[in-house]
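By written order: A, B, C and D. Residues from 1 in each chain.
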Amino acid sequence: MSLRIGVIGAGAMGAAHVHMLHETVPSARVSEVFDADAARARQVAGSVSGRAAPSALAVVESDEVDAVLIAAPDFTHAELALACIAAGKPVLCEKPLALTAEESRSVVEAEVAGGQQLVQVGFMRRFDPSYRELKQTLTDGRLGEPRLVHHVHRNATSNTSTTDANLITGSMIHEFDLVRWLLDDEVASIAVASPIRDGFRDPQLATIVMMRGTLVSAEVFVNAKYGYDIRCEVVGTSGTASLVPPAHVSTRIGGAEGVPVGADFVVRFATAYQNELRAWTRDALYGVVTGPSAWDGHMANLVAEAGVRALESGTVEQVLLEPAPAFYSEGAR
Amino acid sequence: MSLRIGVIGAGAMGAAHVHMLHETVPSARVSEVFDADAARARQVAGSVSGRAAPSALAVVESDEVDAVLIAAPDFTHAELALACIAAGKPVLCEKPLALTAEESRSVVEAEVAGGQQLVQVGFMRRFDPSYRELKQTLTDGRLGEPRLVHHVHRNATSNTSTTDANLITGSMIHEFDLVRWLLDDEVASIAVASPIRDGFRDPQLATIVMMRGTLVSAEVFVNAKYGYDIRCEVVGTSGTASLVPPAHVSTRIGGAEGVPVGADFVVRFATAYQNELRAWTRDALYGVVTGPSAWDGHMANLVAEAGVRALESGTVEQVLLEPAPAFYSEGAR
Amino acid sequence: MSLRIGVIGAGAMGAAHVHMLHETVPSARVSEVFDADAARARQVAGSVSGRAAPSALAVVESDEVDAVLIAAPDFTHAELALACIAAGKPVLCEKPLALTAEESRSVVEAEVAGGQQLVQVGFMRRFDPSYRELKQTLTDGRLGEPRLVHHVHRNATSNTSTTDANLITGSMIHEFDLVRWLLDDEVASIAVASPIRDGFRDPQLATIVMMRGTLVSAEVFVNAKYGYDIRCEVVGTSGTASLVPPAHVSTRIGGAEGVPVGADFVVRFATAYQNELRAWTRDALYGVVTGPSAWDGHMANLVAEAGVRALESGTVEQVLLEPAPAFYSEGAR
Amino acid sequence: MSLRIGVIGAGAMGAAHVHMLHETVPSARVSEVFDADAARARQVAGSVSGRAAPSALAVVESDEVDAVLIAAPDFTHAELALACIAAGKPVLCEKPLALTAEESRSVVEAEVAGGQQLVQVGFMRRFDPSYRELKQTLTDGRLGEPRLVHHVHRNATSNTSTTDANLITGSMIHEFDLVRWLLDDEVASIAVASPIRDGFRDPQLATIVMMRGTLVSAEVFVNAKYGYDIRCEVVGTSGTASLVPPAHVSTRIGGAEGVPVGADFVVRFATAYQNELRAWTRDALYGVVTGPSAWDGHMANLVAEAGVRALESGTVEQVLLEPAPAFYSEGAR
């Protein structure tokens, strides 16, 4: 039995999802594709024997679509997620779940009201083998109690993040989700320092305190030039664990030893994306959500909003946590 | 369109192939499985909605089988490959292609006589991303002309290699194939040193000279205890390149920094196996062979036979090369 | 010509200095040693053919002493440095130069009034080959303009730092000096987060903003258990550079690859200490100070005081910079 | 008390020794220097307040010289070492001890006849902290019984080794000494492969079998272009240990992560040379030899001669071991 998937948005990310589904997930079939650029939709759909849909809502409501993947622009996410909930269809929504916490709260409320968990948010790093092994190392108890987490998130060039707030809501939001997931804890407060304005404020350095006291630093630098560089270290009371930078071959040429540094997050997280799609397809066939939930998407938004406030105020901002609906108690982790 | 695959041999390796085909290769479908242990065959076939076949030849000849994967014991390989050629069906045969060079030569001759390339040999390391990047680094010219290749091939414990010759014909044969593929050159001579006999001779250290003069060392040590460890370095006139040991997370605990060393070749080469199966499935649907050919399998056998002679004689043994049939000229790479 | 050195304080650090001077600095001779424990002083002095002195001031004033090394408890530093200035003798004073910025200011004022630079402060990391190469990499322009510096400073156990403020004034003070030296810039503000109180607040995470906008994080964790771990990364607009953890031998044993992590700062910085002593001895013979000056010691104290205020207030504290006396303009760097 | 040292040969290596003695070994004093180039000798001697000597023998016989360091051309080593023995003075002789095993045997015989151990050979790698830790790891038993040793010895360009035999007698001789020292075992046989003649045969790959069966590979490549690269791995029955390439700072710039690879053996082994000189000076003051002895120098020559025969014959050559005089039984290790 295959899951017939409708994909909304056939830009670089949407097309990448379509091809990964087609080439690496046997139980998935991309049946429909919508894009604002109709020719683009036809081309991407045709490459996998699917068909182009006339509108985003047509995808959601199609009889040929069992589940929906949203890779359209960020401002459409919340509305499309709500439509999927209304249609009772599983949906994998690229992050962020919504532009504001108010919007993401409405998605959560709709899902709770509908009585069935349907929404997964595209925090794909939870599916990366390195982050999973990092979490496992902590869960095993080998590090003792967590005391610090250090995140580094660097892009070679700023493609999408071009406002002060974007670095937090578009980039650092990954780190907000990861730290909740790694530590099984919520964010209590955040401060953000960023004295240099070069068009926009970049780099930014956040200091986060978790409810149980773990300290977190999160650096985002979207014009690091040298490459795409993602690092994470978890420091505990009896040891520390860090992601190992990925590399296949090391060379020694012309007086230098080295490995290539990738420039591209799609390459860095290729396995994470495949694992995400495979797990989501399986879950959708079973009618469950075990990946990052709408609640996780909403929580990340809450932290991001506090982060933006902190960037503006220059002081420590508290995150006003909301009680988690019992509905999500058997969720992602 | 799916490729219906019959799998002969449902031991650890055969079952692993069945599950990888099922979970990661959308255009493949395992339709039949044979194993000498019928219950085992039923169980493995059932797990992927295939059916058990009454005999190996029944798999080869079945109307429900478009292509055959041979993962049965080594002594059956040549005979089953010949049956596939007779049936005109594509076949992926685990290494070695045959127990002797005489046998592998007969497979080559049958394939040439049949006029169609059908046989691929399971030298899966050619599909490993690290080895491919290593070859690319050399092909790009960044290393200059190759002068040396160093191979290390260590197993934690000797599961299958338990005779002096086994270390060469069962383990080192991977390095024989790799060096031909990496250097696009043939082996001219081989010497093997192995003074310690601990049940059987282990470790063994081969010195190989290629036709164009590149020097190759190949160490096989099948009781290295500490883990499964595969290394390869290519040294050229302007630089050197080495495989980077795979690792996801590095820890610092109790006065030591470190990463885990795997114990298992299936884990180490998981991506290689998936790439191999995906490429072979695509090729079989197109009716071509672009992976390691019957000729590559035969050449590896020729080198292995010279290696066994060298181990016994204690001197340098020449590899008596045979001219490659033009049939294979657009073959393996 | 030898420099006759009087050493005040023969504890672990003082004795280590005495032996390093004796064994690795040909132009130095330890002529006198004072310690509150007279037997200890005799023993340490005797091991290098020096003699024990009856008091600290006797060392400073002795005709047999050309230059003084202060390794006595922190509270004595300022007074002894002032005595050396009064005696017109070069002095290498272990950090901190004084317990308070008020005290260190008085040392600066006395030195300026005396008209001759005599004081070097024991910020030995400036003499570490790795930190020097890091600074050189930045100075060469290969990293572009500095944007971030990340410091990690971990001890296996807290020997000396046992109050909240100690982690800043005793440990993090190294990072305050380093960042001034690496960036050739002054600290503008500091915030310190440290939610966990386990006896005292540990770990502590400082966020520093430099006058030219470079962001600095500095983690101090004095109960990290697993070892002594010092890291530093400088991130610029065109690249990043990090200290490489020191290691001589890597092992693969029992399923793990690894290198030892040292437990001891004397071992980690052995070369730095030797370089420091060799350079200071040479400078003292020439009558100059090219290492970290009294002004550098005072500046580090000013930042540390702001850090302690920040830890208490939970907010960003400005560092009230004082104008540097022209006297030091051809100083340390 | 100082050791007054006469240095014979003030070329690059000799001058480096003079300056290291002067700057880092307090108990040493370079009193005389001879070089065939008298101006050179005056300049080097003058830089350390020594004086130039009129001849090599004048150095050996001078009343101002307690011990002799030979850094003159290789062909002079044996004769000068014999002169030092005749004069009863400790001597540190750069490797090789002599051009032939016949010559080195005569030095051994003279030393034995004289009844006092006086000669140390400049196998400085025994004093390198990394090699020492490697040996310690093996001696501790953590690796189990040794089974393999892999050596790599690469120079960026061939300065001195310019004949087929030079690569063995001038370069690989370090590895011959190291393997004896690391394994506390003697070489039984050696084979050398080197098919490429580019002016002279380079690279060369030796396979050595030790008396207790340990297998050793030794690669020498003196035109590796990319840098000076020394590696060593010891593989035992329960684990493996390797030298870690030295590096201070790692950078990520322009899509590449890397560390510099040195070009120079004096830099790579700076600490080894200093340790060697410090230990030899101390030993000479005490009248003992604990470093590599004349016997070690002779044994390395014996292996090198077998290596040169093996390179010419293309077969395995036995090393005709001679019984070690009891005189050396409390020697180097």
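Just so it is clear, a contact is a pair of C-beta atoms (placed from the backbone, for glycine too) under 8 Å apart; a residue touches a chain by one contact, two chains touch by 3 or more.
For clarity, every value in this text was computed on a predicted model and none was experimentally measured.
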Pair joined by the larger number of C-beta contacts - B-C, A-C: A-C
Centroid-based (C-alpha) most distant chain relative to subunit C: B
Computed distance of Cα centres, subunit C from subunit B, in Å: 58
Cα-centroid distance, subunit A relative to subunit C, in whole angstrom: 43
Residue numbers of subunit D (touch at least two other chains): 225-226, 229, 238-240, 247, 252-254, 259
Complex contact set, residues of subunit D against subunit A: 225-227, 229, 245, 247, 252-261, 263
Subunit D contact footprint on subunit C (complex, rising order): 22-26, 28, 129-130, 133-134, 137, 142-143, 238-244, 247-254, 259, 278
Complex contacts: residues of subunit C adjacent to subunit A: 144, 147-148, 150, 154, 191, 193-196, 203, 205, 207, 209, 213, 215, 217, 219, 221, 223-226, 229, 235, 237-240, 314-316
